[in-house]
Amino acid sequence: MLQSAIFLSYLLLSLALLGALVRLVRGPTLPDRVVALELMASLTVAFIGIYALNNDRPAFLDVAMVLALTAFLTAVGFARYLEKGGHRGDQ
Amino acid sequence: MLTGILSGFLLAPLAPALHRLFPRYSGWLLALLPAGLTLYFFSHWHTVTQGDTVMSRFAWVPDLAMPLSFMLDGLSLLFALMICAIGALIFIYAGRYLEGHRDLPRLYVLLLCFMAAMLGVVLSDNLIVLFVFWELTSITSYLLIGFNHEDANARAKALQGLIVTVGGGLALMTGFILLGHIGGSYELSELITRGDTIVAHPLYELTLVLIVLGAFTKSAQFPFHFWLPNAMAAPTPVSAYLHSATMVKAGIYLLARLHPAMGGTELWLLLLGSAGAITMVLGIFLALRATGIKRMLAYSTVMALGTLTLLIGLGTRTALLAAMSYLLAHSLYKGALFMVAGIIDHQTGRKDFLDTGGWARYLPVTSASAGLAALSLAGVMPLFGFIAKEQLLEAGLRLDHALAPLFIAAIVIAAALGVAVAAVIAIRPWFGKPAPLTHTPSEAPPAMLLGPALLASLGLLLGLIPGLIDRSLLSAAASATLGEAVTQPLALWHGINTALLISIGAVLVGLVLFRYWQGFRHYTRWADTLSRFGPEQAYHRLMDGLVALSSGQTRLLQSGYLRYYLINTLLTLVAMVAAALWLNPDALKLHLDFSDIQLHEGVIAAVLVSATLAAVTLQSRLGAVASLGAVGFSIALLYVLFSAPDLSITQVLVETLTVIMLVLVLFRLPGFLRLTRTRTRLADALVGLTVGGMVTALLLSVLGSRYHGSIAHYFINESVPAGYGRNIVNVILVDFRALDTLGEIFVLALAATGVYAMLKLRSKGDTTEPEKTHD
Amino acid sequence: MTSLMALVVGVLYAAAIYMMLRRSIVKLVIGLVLLSNAANLLIFTAAGLHRDAPPLVPDDAQVPAGLVADPLAQALILTAIVIGFGVLAFAVVLIRRAYEVVEADDMNQMRDTDT
Amino acid sequence: MSPLSWNLILALVWAAITGNFSGANLLVGFGLGYLILGFALRDVPDFARYREKMPRVLMLLTHFLRDLLVSNLRVAYDVLTPTHYMRPAVVAVPLRAKTDGAITILANMISLTPGTLSLDVSSDRSVLYLHVMYLDNEDDLRKQIHKLEDRVLAVLE
Amino acid sequence: MNLLVILPILIPLAAGALSLLGRHSQRVQGALAVIGSIALVISAVALLLATWEQGHIVSELGSWPAPFGIVLVSDLLAAIMVLLSAVTGAATAFYSLGTISIAHRKAGYFPLMHLLLAGVNGAFLTGDIFNLYVWFEVMLVASFSLLILGGERAQMEGAVKYVTLNLVSSALFLSAIGLLYGLVGTLNMADIAVKLGEVDTGMTTVIAMLFMVAFGIKAAAFPFFFWLPASYHTPQVAVSALFAGLLTKVGVYALFRVFTLIFGMDDPLIHQVLLWGAGLTMVTGVLGAAAQFEFRRILSFHIVSQIGYMMMGLALASVSVLALAGGIFYIIHHIIVKANLFFVSGLVYRLRGSYELKQLGGQYRDKPWLALLFLIPALSLAGMPPLSGFFGKFIVIRGGVEAGAWALVAAALVVGLLTLYSMTKIWAEVFWKAAPEPAAAPASGSNTLLYATVAGLALITVAIGVAAQPVLVLAMATAEQLLDPTRYITAVLGGAP
Amino acid sequence: MTRDRRLPPPDRNALRTQSLILRTTGFFLLPLLLLFALFLLLRGHNAPGGGFIAGLVASAAIAVHLFAMSEAGARRVLRVDPRDLIAWGLILALAAGVIGLFSGQPFLTAHWLTVSLPVFGELKLGSPLLFDLGVFLVVLGTASTIIINLAEQDT
Amino acid sequence: MINDLLVSVMMVAGTFFMFLAGIGVLRMPDLLMRLHATTKAGTLGAGLVMLAVATHFLDAGVTARTLAIILFILLTAPVAAHAIGRAGYFVGVPLWDKMLKDDLKDRYDPDTHILHNPDDDKNP
């Protein structure tokens, strides 16, 4: 059962990842892409969680921890760029 | 002997100080060195003329078989005496000629170095050491010719001389290396005993051609003759020295020196004979066409050098003795004549024969010296030049060779034209209608008269009493050149023979030519047209071509387009790898196996590739940056999936900081423009795919051919027991391979310093101070 | 999976080079980032891929149980990542300053120094 | 320095002296620190009300988690239903919370609760701008926000 | 003895770190520059002497045994290179004290200089291929930072190309290391040599090509030299000199090291590629210079050209020991002479305010000593006897004749002549020609230190020529050592590898 | 208008440009991140972490503060010039390597002290840990130098 | 067994929410609505997965770490959403045309960066 659940989880995460990827590529605006990137970071956290669980490797949770704590910086950076008037036409 | 040679170099740096102490007598004082050296070489007169050789040897670079070894035999002695004796006169002359000239001390320095280098050339026993001095003469003569360095013409001519002589020198060096190789020694004293071996060697021809090329350039043989008259840009004392006894004679010396080792073959005769004959005819013809005093003298030197080359080429006993006599005679009269030319210029300011005339009464000593020297040039009794010319004719007449008629013709033509040239020199400035001058010229000071007078008188003295040298110095020199003893007396009078008749005929024809000198010049104007296709033009074409070629190459290679540089680099890489694979086809192992891929792995790889493509294709810069973030996350996930937690964390963090940096920087930069055409982009994509494909192929091949276990097992086993850490990667980083990490943190420190410097240190012209941040 | 990774690495190299050949210096920098990642993944793959075997020693053992992934390759890559970061930081600021003095993001306008 | 900071420091000190920086140990350290600050040091003015606050924090968290769950079910609904059911709007909600900390916590919690997303606070801190997915009744919305605000203020004031 | 191997790295590292810390104090910076560079020279001399005595000195860093830990290995080549870098470094330090502005010092000039030397020495001494990469990067980033110090437009433009192409080289190097590690699972160069000897795979040659390109870019060999002429004339002249002397030579060193120790020169492809590379590098470099009319650009192109001579020595190594020794002799000569010529260009710039030949002139009249100090390295560069360059060229060519590489010998000869052409061009334009217009106000400050530096290097040039024998003995011993890699391998891995 | 007295006085300029929410969260995240960085540093020898990773996380903390507050604020957090951090980090790492030289061992030879603590037994303290601390400082100093100086150019 | 069931349920639920976030970010009509999807679903999804991990290992250390992760996500996700949403709104990303109301419209002054409250309109 656990194995099926893990498989299902991987599948769902993979699909979500593809969704985020499509949004990242399609945009249409920079904030849209950033939202997609943030989601990818969250998905990565979840991915690592499933992986750690599946392989009994709690050590990898540290990766998730770092990601959870720092990924939002990217969004903040992009936001700063936008608010400071960085190239408006650049979507 | 080493001291003797080095003394010139050692005195050189002191010359300016000496000049500052005794500005009026510096020439006389400096002349003491060559005079002393002359005496020193005279001290060996007896030994050497007996046929013995004085050797001396000091270690220098034994591993290159380069001892400082010197040899004083008849040939060397003849040259050394000329170099030192004429050198002494030149110093005295120059001290007066250039009195008050601000660069006179520098001239002394260069002359001393040049003299020392010249001595080195004629005394060296070792080929390579000889070459060292040979090149030194080229360099010092370059600096001497360019003495009037603010004159663009002087600079250009100096360069011309240098390029020609050093170019030949390079051939010479190779020739010497080969000669040493095939002769089994770099010592001349050894080589001259191994002539048979050398001549028989398969590399002989190549060696000879290379060496002869070196000698010809130095001695201004056709087609390299053009640099010599152009070297007249030098001040007169320099010309006098370079043309009489030294520089240009170095090539002659070398040919004479190598005659026993390399001479006597058909090729030798052909090369030297033909070049010499052409050069002598061409030289004297051009001399007679010239009107500039120094120019005419210079071309007559070309003729003399051709004559000498021809004689050495003939290589017979008579020819070689003739060569030695001619050599000495030429040095005496040419030295005198150049100094006379200098006196004319110094006292009257005239440099062209056409601007001279009728000055004999004002310059009695000068004109007498000029007359004597010119007669020697013309080969008129009873001067030493006559004896030399008789010998020359004899040598030609006795030659038993298919080309002999041609050589004789050349000799005769040269003799006849030579008389005309001599007549111009001996008559034109001194007699006839006085050329108008603003002031009445006065006789030159004694320091300047000493040289021409002495040299011209010596020509007379030796003509009258050839016994002073014939069986001693000249025989010894000729013996050395021939490689066996020569004891042939010289005499002014041989009775009436063919040579004498030719001589007389030549004088008559020469006088006629002098009479119709202007007519001769007029009817030979075609020569100017012809010279447009001559070797000097070739030189200019070559130099222009060089610059054009190099600009073209630079435009092509160093185009400034980074894209071009990168493509060039990468495609070369691909080509090299392809060549390696072509030669080792078994290396390529392209077994693709996708059976073990798990779903999520495949998806992550797909995301990685898609995000990469997005980063490449998105028109939004920040979108591309965001895609880079996605690439980073995918890679971090791959690191997780394949057991690299530390890498994953680092990747995530570095990616985040990278994105932040890019965002901070891109703020200022404009958006992407579509700058390149589709075709260019396709080409670039092809380059990228080629390299990418190559990397994939190599990676697969490596994975297919790996066979060794990794040294990693050591770290895995020792991490806890010896490194006291359970994170093996970290133990490697801070202990097992801490030096890598140490270097790496220094990289970071350097990057930070560079970034700081770029942001804080602005150039003076940089106006882009931080501008308003919003629009 | 190594085959797939080899392909992925190839794609990364191709993309990196394509970007570096563009005229925009910003794209050049993006190319550099990709190139650095590509080289790291190349080493990672060349050293062999191991699922579920992080090079960590359990608390109660002197050596890891069973096979673990190559820690040396990981250490090398970690070093390379950090060096790459330093270099990239430099490059990023360089293009910014280059843009400021040249006033263009176009490599083709940076040809003055080459004659 | 706030009691919470003290508590965190104590947790770290605990981890340091035990030589074990595992999460569990830090948690133990935090708990021990809470006990020390809330009970042993309750006479120190700074820590006087620290003990009572903890339960309120837990209350807040409970409510919040429930909201979070609900909001996600709502999102599930949103995502899976056709878009034309949505009634989005940007609404200004007056704020009673005055401190930066309170406003921030409130805003962040709002972002994680059903149908609302904090966009920004006006520069004079009087109004919070929200993006709402389903604007049925503005007053209901304000009430709902104020209820959350009360709970936050109870913990912080 | 362990200490001697690490000191040439440790001294500049420490000097750099302390200099960074004391960046606000000019006195500290100056003292560190002087003490650091002198200490480095002393340690380098000691290392060379010790290496001469012992053959190979090996230090296993961290006491971890080879091939697991990183080893530093000093053989004669490494020790010679370290000494050259120390001398160049010292010259640069003294020259810099007289020329580098306060603003640039505050921006970190001296730490960068120290660390550049550390990177260079690390590259020379390491016995580990990945560690070589790390030192390359240290050197590279230091050079990046030095290159842009000043922030002029030309510097930025040049730096973009320099940085990009060198990063490509680094990426290639790293990739090659990765592939090599994948193949043999080790990083210690001696161990790699042993293991590759046991592998029978064509991948060896393929990977060798990657290394050749990676190092070829660093060495500015044909057709990878583009970055050099684009950038070397742009930074502070002391920086140019340091780069000119050292940086490309690290690439050459790496070629010498890797292609004598790891990849056999008996591979026909490697041999051919090196031969062609050497010839084309010589010719294209010297032709590049012929079109230039800027002092430092001319010198820069000549760096490229002369890399060709060094490569020629390596290319012929399998046929002629003398050629390899010639290559080594050439490196020794070139580093000193090239740095010195750049220093001279800097002096001229201080006097006349330009590097453009057309705007220069009159220096022979005004500064005869400077003229002499130019002439010595210039003639040496052109291979005029009896200066150092003559012997370098002569030995290489003699090796070429021994090996029967006629085309290459011819190229080397012609290139020598064209080098002389370039040098006389500078001489005629800068020194002989009358100054075209009054000089811009000469740079303030005393030039005594600069003259002393230039004179010191010129003296070395003359000394290498006049006392060529000991240098040649050293070069021969080095060449023989390189051609017998088993000694290196035994020294590193012990008797039974 | 009341202001939370526990918060540092925001720059006048920064107050207007940055959101209150971001600023306040940033204030709380800073110590959290720094603590986390120290945690990663200390346990890096035995679990994922170490000087690099810790240094990068600490740099992220500085970046958070910079975005949330201001460049000056970020500098204040560090208290020293980040370039001094770099220098000290380098010196520390070098010193850790030099220790071995004094006992005649090669550079970078590790030296370990076993500290016995009354409660928790033996603790291994060694030069590699000092080295890692140096790495931490350099990474932190470098990233901070770059980010802060870049950000300062923008304002 | 019970544990595995619990773990499976939490895991699938969590990843399902994340899946929804993925669908949401793709399907939602404008930036702000996409943010709703990712912020809430992303947070809950990751949180549930982490709880599943904690439940699976039942180890104090792991639990502490998973709780830390959840805490970090709760702290950072809304801030990120706020930052992006606010920036996106202010730079004028197109919003869904069926929006009912916009109290924020024209309240932001990009020059002074002052965000006015609605009362300011009455006494400007």
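For the reader, a short list of remarks on this structure follows.
So that you can tell them apart, the chains are marked A, B, C, D, E, F and G in the order they are listed, and the count of residues begins at 1 in each.
Following the convention adopted for this analysis, a contact is a pair of C-beta atoms (placed from the backbone, for glycine too) under 8 Å apart; a residue touches a chain by one contact, two chains touch by 3 or more.
Quick caveat, the model's predicted, so the values are computed rather than measured.
Number of steps on the shortest path from chain A to chain D, with steps defined by chain touch: 2.
Contacts with chain B and chain C are shared by A, E, F.
The minimum number of touch steps linking chain B to chain G comes to 2.
Distances from each chain's CA mean to the overall CA mean are smallest for chain E.
The greater number of contacting C-beta pairs, out of the two interfaces A-B and C-F, is seen for A-B. Ranked by separation of Cα centres from chain A, the top chain is B.
Using the average of C-alpha coordinates as each chain's centre, B ends up farthest from chain D. Between chain C and chain D the centroid-to-centroid distance comes to 40 Å (mean Cα coordinates, whole Å).
Chain A and chain F have centres, each the mean of its CA atoms, that are 26 Å apart. Inter-chain spacing, taken between the CA centroids of chain E and chain F, is 38 Å.
Centre-to-centre separation between chain B and chain F, using Cα means, comes to 62 Å. Shown for chain C are the residues in touch with two or more other chains, namely 20, 28, 38, 42, 45-48, 52, 54, 56, 72-73, 76, 78-79, 82-83, 86-87, 89-90, 93-95, 97, 101, 107, 110-115. Contact with two or more other chains is made by residues 13, 17-18, 34, 36, 59-60, 62-63, 65-66, 69-71, 73, 76-78, 80, 83-85, 88 of chain A. Along chain F, residues 16-17, 19, 21-22, 25, 29, 32, 47-49, 52-53, 57, 60, 63, 83, 86-87, 90, 94, 107-108, 110, 139, 142, 146, 150, 154 each make contact with two or more other chains.
All chain pairs that touch, listed by label, are A-B, A-C, A-F, A-G, B-C, B-E, B-F, C-E, C-F, D-F, D-G, E-F, F-G.
Across the interface of their complex, chain F is touched by residues 56, 78, 82, 86, 89, 93 of chain C. The touching residues of chain F, when paired with chain A in their complex, are 17, 22, 29, 32-33, 36, 40, 47-49, 53, 57, 60, 63-64, 67-68, 154. Chain G meets chain F in the complex at residues 72, 75-76, 79, 82-83, 86, 112-114. On the side of chain A, the complex with chain F involves touching residues 59-60, 62-63, 65-66, 69-70, 73, 76-77, 80, 83-84.
Looking at the complex, you find that chain F touches chain B at residues 44-53, 56-57, 59-60, 63, 82-83, 86-87, 89-90, 93-94, 97, 107-108, 110, 112, 124, 126, 128-129, 131-132, 134-135, 138-139, 141-143, 145-147, 149-155.
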